[in-house]
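Chain naming follows the written order as A, B, C and D, and within any one chain the residues start at number 1.
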């Protein structure tokens, strides 16, 4: 993938995340590692919405969280991204958002239950960062989030939001939407009273291994991009 | 109905199901038996959304679940469709989707309660498939779903989704939307606390027999197609 | 008001009710008494959506529920309308719909609580029809609904829907939306646990007397018509 | 800021509040103090929606709640605005709305919990007006709301709605949306059962002090205006 292709993918990811209502004003953000340059990443700029990323305003940062290029301002919570990239060489994309159902699940203090297919994508565990409800505005705090994330695909920031990672940007976007979907279903079940019997962890892991395959994420991401663009073209 | 009319109906059904938010990315699917050829069915292709079915990309499968024609890829869960068509000669359409309220009801482990008119359409029972949360990717698993469905109109796949059938494609689409509507109302009632008195099964069955009439399904389906197309034309 | 003006108002009411998602496929209906002819009413035709009423397809019925003019088919549940018009000379418009939150409240078996301003519009009571979940397809059943309605503005049809009346069509539409809004808030409060202290009935009735004034209903209805038409024009 | 710029901001605020579904027909209202004239304020007119404010119809009122200029009618609840402006010289904008989740939280009788970032914006407290569910149609009642508001950013009107204030119009709009978001998350958590551990008040106040900064409100407001206008232009 060329650098321009990666930038275009970031712009497209923003459209998809906006269509999924994950913006929280301008406060959600998404980044992708620069192709062939693992020490840098492209990131949505501060002061713009997820649906407003452009080649001109997106920012390039290094793993210290410093902006090294780009027309827009840098998010102060850049350290969620930089510290995860630093500790997770397998990760090529990071999203931080405040999805309402995931925030609510984090506030219940209960783990994600295997009550839906999207929940199975996280059957190998989700981290939880409980140091503070505050913004993640230092390397130390970013490192705390990265530590809470561990080797997982996602991490709750309790009463704040989520950090979700992907081997690809496509995976990262789809996992973020799946996590929110799984959390919504969990809240519906819990609100309705006692849950029924569950499948065994072994059974859920069989689905996990299928649902988490990279090519499926790309297929679903590409569809959501087409759909978002059709919507905007109407 | 000609083969081309059946294909156009499948395309229209996709638009309606998409407008009802039943896609779950590209993961929901719908099929219809080929007119005058009960051993084959047309099906939404993998890798496309419900709103993207075309004459070119839709696939034709036989009752072994094999693709015999069509431009798009086949869903690996084709066996939900093929095994139901095999065991249910009265069925001419199948939908598999992951509607959030139906998945949540399946996770509560409780039956559908007669708390709304759409619930009455299922007053003669709903099956529940509890073998696995996993994808239905073999004939054996598809046969398991068909067995759980039995002679019913619909079947929960616990913590996964639903399989809904119809004597016609129109019926299948309307029943799928009605089931999700009924499940949403059930969850609202359960979340709000204890339910009030219910009508007798005999009373609910009187409504069942009216609400399940084929011509009503066609009228409602045709309306939803008009509405979806008006929305897309704006 | 001329007859044509009344018909146009019915068409507009359909657009507003559709925008408020009160259609339930083609199954919700609305009617208005013919100006200067209290023995007849104009009604949305069967087989069309609330957003599809036209001068040509709307039907004129008499108080026996018989269609006497109009291009479209008559709803079989016409008797909800005809029997209410027969017993309530003060009523000039009737709506029957299946709003999900109102249906859920009816299924809880609990009365509407004064937990929101729209609930105050119904502080003088709501009827509840509990004879059957079935469709209201006879004069006798329609008379049962009219009896359950009594002198109220609205009546639940338990586990089925609502019948709402108005001195004007505008009032009828606004009250229907307010009832659904009030029911949604009630379900939110009940789901969240025990409610807090309430205002006295006397206090709520002070609001009732203001919020139920005819000119406010017309102002709000006219706004919703403008809004619905702007949406359709985009 | 010139007077015309303030009027344009009021028009824009209406578009944003409408897009956030805070209208309740024509019943929500918003006002902004006239620049360099603290004894007067511009306000949305009665009989129009939040998305229909124009230079011609907006009204200018004094601190007695009297209309002194403007083409549209004055809201009878103007006294919520005038009495707050009278007692809070730091306040330059007021919104009164009936957001469903905030109304529901007010009806639970429970305080706002620090379970989400937007809730932290109100960590220094929210007032609650409990005198009546009735409309606020006198100076005395408006003064009661202002007293319940005290030095806070927002005030519930129990079982009725909210009054939210801002040092700027932008702040006022963003805070109103944040309060509704926080209330929705609180209801989700409460419906799902017992909440988990919370952060200390000190920790939440650290976020409060960052999230409540004026320039962030302007950035987010400006984004929502762009987004609302793009939506209307489609």
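Operating definition for what follows: contacts are C-beta pairs under 8 Å (C-beta built on N, C-alpha and C of every residue); 3 or more make two chains touch, one makes a residue touch a chain.
Everything numeric in this text was worked out from a predicted model, so none of it was measured.
**Q** Any chains in contact with both chain B and chain C?
**A** Joint contacts: the list comes back empty.
**Q** Taking all residue numbers at the chain A to chain B contact, is the shared part over half or under half, that is, same or different?
**A** different
**Q** Taking each chain's centre as its mean C-alpha position, how far apart are chain A and chain B in Å?
**A** 31
**Q** Rounded to the nearest whole Å, what is the centre-to-centre distance of chain A and chain C, using the mean of the C-alpha atoms as each centre?
**A** Distance between chain centres: 44 Å.
**Q** Which residues of chain C are in contact with two or more other chains?
**A** Residue numbers touching two or more other chains: 191, 234.
**Q** Which stretch or stretches of chain D touch chain A in the complex?
**A** It comes out as residues 114-117, 120, 174, 177, 181, 184-185, 188-189, 191-199, 203-204, 206-207, 210-211, 219-220, 223-224, 226-227, 234.
**Q** Any idea which chain A residues touch chain D in the complex?
**A** 24-27, 46-49, 51-52, 98, 100-101, 103-110, 130, 132-135, 158-161, 186-187, 190-191, 232, 234
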